[in-house]
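The same subunit A turns up in both complexes below, where it pairs with subunit B and then with subunit C.
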Partner chain A sequence: MSNGFLAHLGRAYVGLILFFLYAPILVMAAMSLNASEFYQLPFRGSTEWYARLWHNGEILSAAWRSVWIAVIVTLIATTLGTAASVALFRHDFRGKRVLQVLLFPPIAIPWLITGTAMLIFFFGIGLGRGTPAVIIGHVALALPYVIVVVSARLATFDRTLEEAARSLGATPWQITRAVTVPWILPGIIAGGLFAFAVSFDQFVVSYFLSEPGDTTLPVLIYTSIRKGFTPEINAISTIIIALSMGIMLLAARYSNFGGER
Partner chain B sequence: MAMTLAGRDRRRALALLSPAYLWLTVAVFLPLSAMAFFSFLSDVPFGGKDWHATLDNYRAFFQTATYATLLWKSLKLGLIVTVVSVVVGFPCAYVLAKIVKGRSREALFLLVILPFWSNSLVRIFSWAIVLRGNGVLDRAVNAILPWDVKLNLMFSPTAIVIGLVHSYLPYVILTSYLALQAIDDSLIEAARSLGARRRTILWRLILPLAAPGILAGAVLIFVPVVGSFMEPRLLGGRVGTYYGTVIEDQFVAVFNWPLGAALSFILLAVVLAILAAASPILRRART
Partner chain C sequence: MAEVRVENLVKTYGAARALDEVTLDFPDGGFFGLLGPSGSGKTTLLRAIAGFVLPETGRVLIADEPVENVPVEKRGIGMVFQNYALFPNMTVAENIAFGLDVRKVGAAEKKRRVTEALDLVQLGAFGARKPHQLSGGQRQRVAMARAIVTRPRVLLLDEPLSALDKALRVDMQIELKRIQREIGITTIFVTHDQEEALTLSDRIGILKDGRLIRHGPPREVYDDPRDSFTATFLGDARIFSGTREADGLRLADGTLVPGAQGATIAVRPENFQLSASEPNAPCRLRAHLVQKIFGGALGTCLLDWQGEVIKVVGRDADFRALPESGPVWVSWQPEHSVTISP
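Presenting the complex of A and B:
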């Protein structure tokens, strides 16, 4: 076997993996454009299901709620996360390792456990279910991602720049605003996009924390699917997946997960 | 910058750190503690209910074989999904890290990772459309094969495994890719010029060096799969009862929160044990 042949085989294998990853999504998108309500073939093109979305008040209000919850979560998580990353970068102190390790439970513990625990606690303190509970939960899930992404960007920051600014008489606040923030801005934007994606795509925690009839889009989709499929759900699902992939493409432009620079 | 903090520096660090960590405390760490507390109660301590401390919820787990059986079933599911993902994903990571070069590598890598960051519920739903009886897959297979086949994959354990592998495959590709990229190509060249065969290079050089990355990916897949409930529900139908779906039921259908808390807490203990056992490996994989 020559190396050239192996390389072709390898590429074909990656192609196969991509087919496995994308084929079902493309099938779903195609079915959302199929006129038949029961996914019957042959395929007849129609945008009817998308048009119907505009008259489905339940889906529209859930979609709107999902978007503005994600925006609020992004603002809070990005602000708090960036502040924490800057402190972790600038200062050395006892217990710093512990603080960094504490970021992993929200990521590593299955959301089923975190979500049910939040439900219990929020009822215990009298907050109960509803949008505030959902926002508090989402921010907690998004924070570690923001801190990890912003810290990764900070790691490439040249500390001597801050020292140079200090020796020129800049105050800590001036240094932050004029030197540090401009440098880490791509990291902040990427972290914010991650936070938006974590909230917008979040199903498990929203499922336990949102009020029935007052839910986010993924929760509405879940309860609808369990009653039976409709092409309208295909249509809104196709929009969601296009949107969240678009957001991640943007995030990839601002950070670089994994690849070399 | 001094290694020990002066008072002003300390205050500034505290001001920057405390909002984020207070938030995590209120939204994650206190809830986990509250869940531990609830798991020892006979009923919820609000809404004017009568309650007392009890071990009954844990006794239920150990006395009724159902829960232990389901936990075992979920652990097996986690193992199957993890093994399939590693076997399928590692070669893909290898091709991306060592064979494809330049800009097309970056583009392919992004394409592999992208679905992972899109909505997991929607992706499971898309499999339901593909796998359903007389659905797209059935028709495609029957169009290719000359004889009549009934796949009937929907609402089967196979459907659940397919959906979960689809959800978590990018994890192991990502971690293996990072580990493989760290292996110096000249090492492989040296082994080859010394006359090592392809198989020897793979088993004696590449796999040992990439092992931390593969294991990190495996843990990152195994843990969430053991706690999954939405995927078995949507793709498994009646055969989709797992440990995770039983916990879900306690909170949204049966409303036995203390029992749900105990079951959740047992799952948490299992998960933490796995993470603790894997933490030396995970730490090595990050550096």
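Presenting the complex of A and C:
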């Protein structure tokens, strides 16, 4: 086999991956702009479904709710995660490795199981369902992502910079503010964007922990689909996808994954 | 400005003693070079004075004040790091101003002192640049300016020139010495480069395995090394030992070194002469020339004597008459036999 053939095969492979990833999304985005309620072709362009979204109070309030929960989760998870990363970077203590390892299972454990466990736990401690439970649950899920991203950035930090700052009379807090944080800022931003995405796109844990009537957008979409599929769902889903992809592209830009720019 | 003193410092890492009962005075306003091979404890000693390393026992005094329990940021030191450790997110001027900012120095005073420091290191026009826009030598100067702008009591330099190429290093040595003289600050610097230590310091200390082997003015230590480690480390000397006799030192191969005062002597590579025919000098050996190394004005010859290497350094012109290899005579004057402890 020639290299040329292999190169073509490789390109076809990448093309197929992208096709299966994006074709359904593109179809959905196209249908959200189709006037027909029953996916009838030929395609007739219309923004009717988007316009209807604006008058659907249920969807709007769920969307608003998803956004502010995601913002709160982002603030909490980013602050806690950054502080944890800096502490893990600066100090050596007994059980540090164990702690670092224990931070990762939430990424790997299926959300369904995490959600069930959280529900049982929150009822056990008397917190029950509701927005506080949802926020705590989301923070727990987002935290490992923040720590991974911020720690990766910290790994490139030159410790002698902190020593230099100390020799110049700076206190640990002054060092953190003037030297350490500016260096890891791209990591903090990327970690925050991940946290936002984890919370905003979260379905399973939100489904378990939110009270009926007080749902987030993904939960509302799921329940709406069960009642009957309308192109409005296509419209709101397209908006969510655009938002999520935008966030991920920003995160990629700040965290440099996919290699050095 | 202040005198620095360490007393009985001990620091262990596991089973290894990085500092082993080190007691040493660093005179006020002096330029003190700490010299030793890697792992000798010289950097540990510097970091113990800075406060980054906390010794198990012993005392560190700055201006007669014990500082063992004073954190780094309150010791009133200035430090220059091997990689300069300039803050990449700040300009040159901001880097230099950092120590003043954390001390809450007023804006006018700050501006004046930063300008003064920039002028002192001859970087007046570079205040607005970022560190990555500077050459190695310029970064070194910024690190110096940043370390002295806070008017520290003592300046600590951790191999400050080792990242520079040779030509620049020699320039910066002169520059470093000038700046130190101009502000008269007590300076302690660590190096593994003996020539650099001899050039810059008015006192040197030699460390080995965490122990202070020898200290004193460079010329005194160089001329009278007293022990074999100092003699070989500080001057690449050849050590000869044998039995003491009334008229000299009898070496293992039967050669008598007339005039030698002890059982062990050191001779420096620049004090040997080489000749093809037997010389008149009273101290002489028959050796085998193995290799001639051309090095510009100065050359090096490696000889084999009794299975040991003798290194001879001299003007390349003096080596031209010798064969590339073969038997030669090595000779030296009796006053160049330096008695040392084994």
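Everything that follows uses one rule, which is that the second predicted complex is superposed on the first by the 258 of 261 C-alpha atoms of A that agree within 3 Å, B and C clash if a C-alpha of one lies under 4 Å from a C-alpha of the other, contacts with A are read in each partner's own complex, and residues count from 1 in each chain.
By our rule, contacts are C-beta pairs under 8 Å (C-beta built on N, C-alpha and C of every residue); 3 or more make two chains touch, one makes a residue touch a chain.
Remember, predicted model here, so these are calculated numbers, not experimental data.
Contacts of A:35 after superposition on the shared chain: neither subunit B nor subunit C is touched.
Shared-chain residue A:179: touches subunit C; no touch with subunit B.
Residue contacts after overlaying the shared chain place A:169 against subunit C, while subunit B stays out of touching range. Shared-chain residue A:51: touches no atom of subunit B or subunit C.
Once the two complexes are overlaid on the shared chain, A:155 sits clear of subunit B and of subunit C alike. Touch counts on subunit A: comparing subunit C and subunit B, the chain ahead is B. Residues 6-7, 10-11, 13-14, 17-18, 20-25, 27-28, 31, 39, 41, 80-81, 83-84, 86-88, 90-93, 99, 102-103, 105-106, 108-114, 116-124, 126, 136-137, 139-140, 143, 147, 159, 172, 197, 200-201, 203-204, 207-208, 218, 221-222, 225-226, 229, 233-234, 237, 240-241, 244-245, 248-249, 251-252, 257-260 of subunit A are the ones that touch subunit B when the two sit in their complex.
Residues of subunit A touching subunit C in their complex: 158, 160-161, 163-171, 174, 178-179, 182-183. Residues 1, 3, 5, 9-10, 12-13, 16-17, 19-21, 23-24, 26-32, 34-35, 38, 44-46, 88-89, 91-92, 94-96, 99-100, 105-106, 108-115, 117-123, 125-130, 132, 135-136, 139, 166, 169-170, 173-174, 177-178, 181, 220, 223-224, 226-230, 233-234, 244, 247-248, 251-252, 257, 260-261, 264, 267-268, 271, 275 of subunit B are the ones that touch subunit A when the two sit in their complex. Across the complex, subunit C meets subunit A through its residues 50, 52, 71-74, 77-79, 81-83, 85-89, 98-99, 101-103, 146-147, 150, 156.
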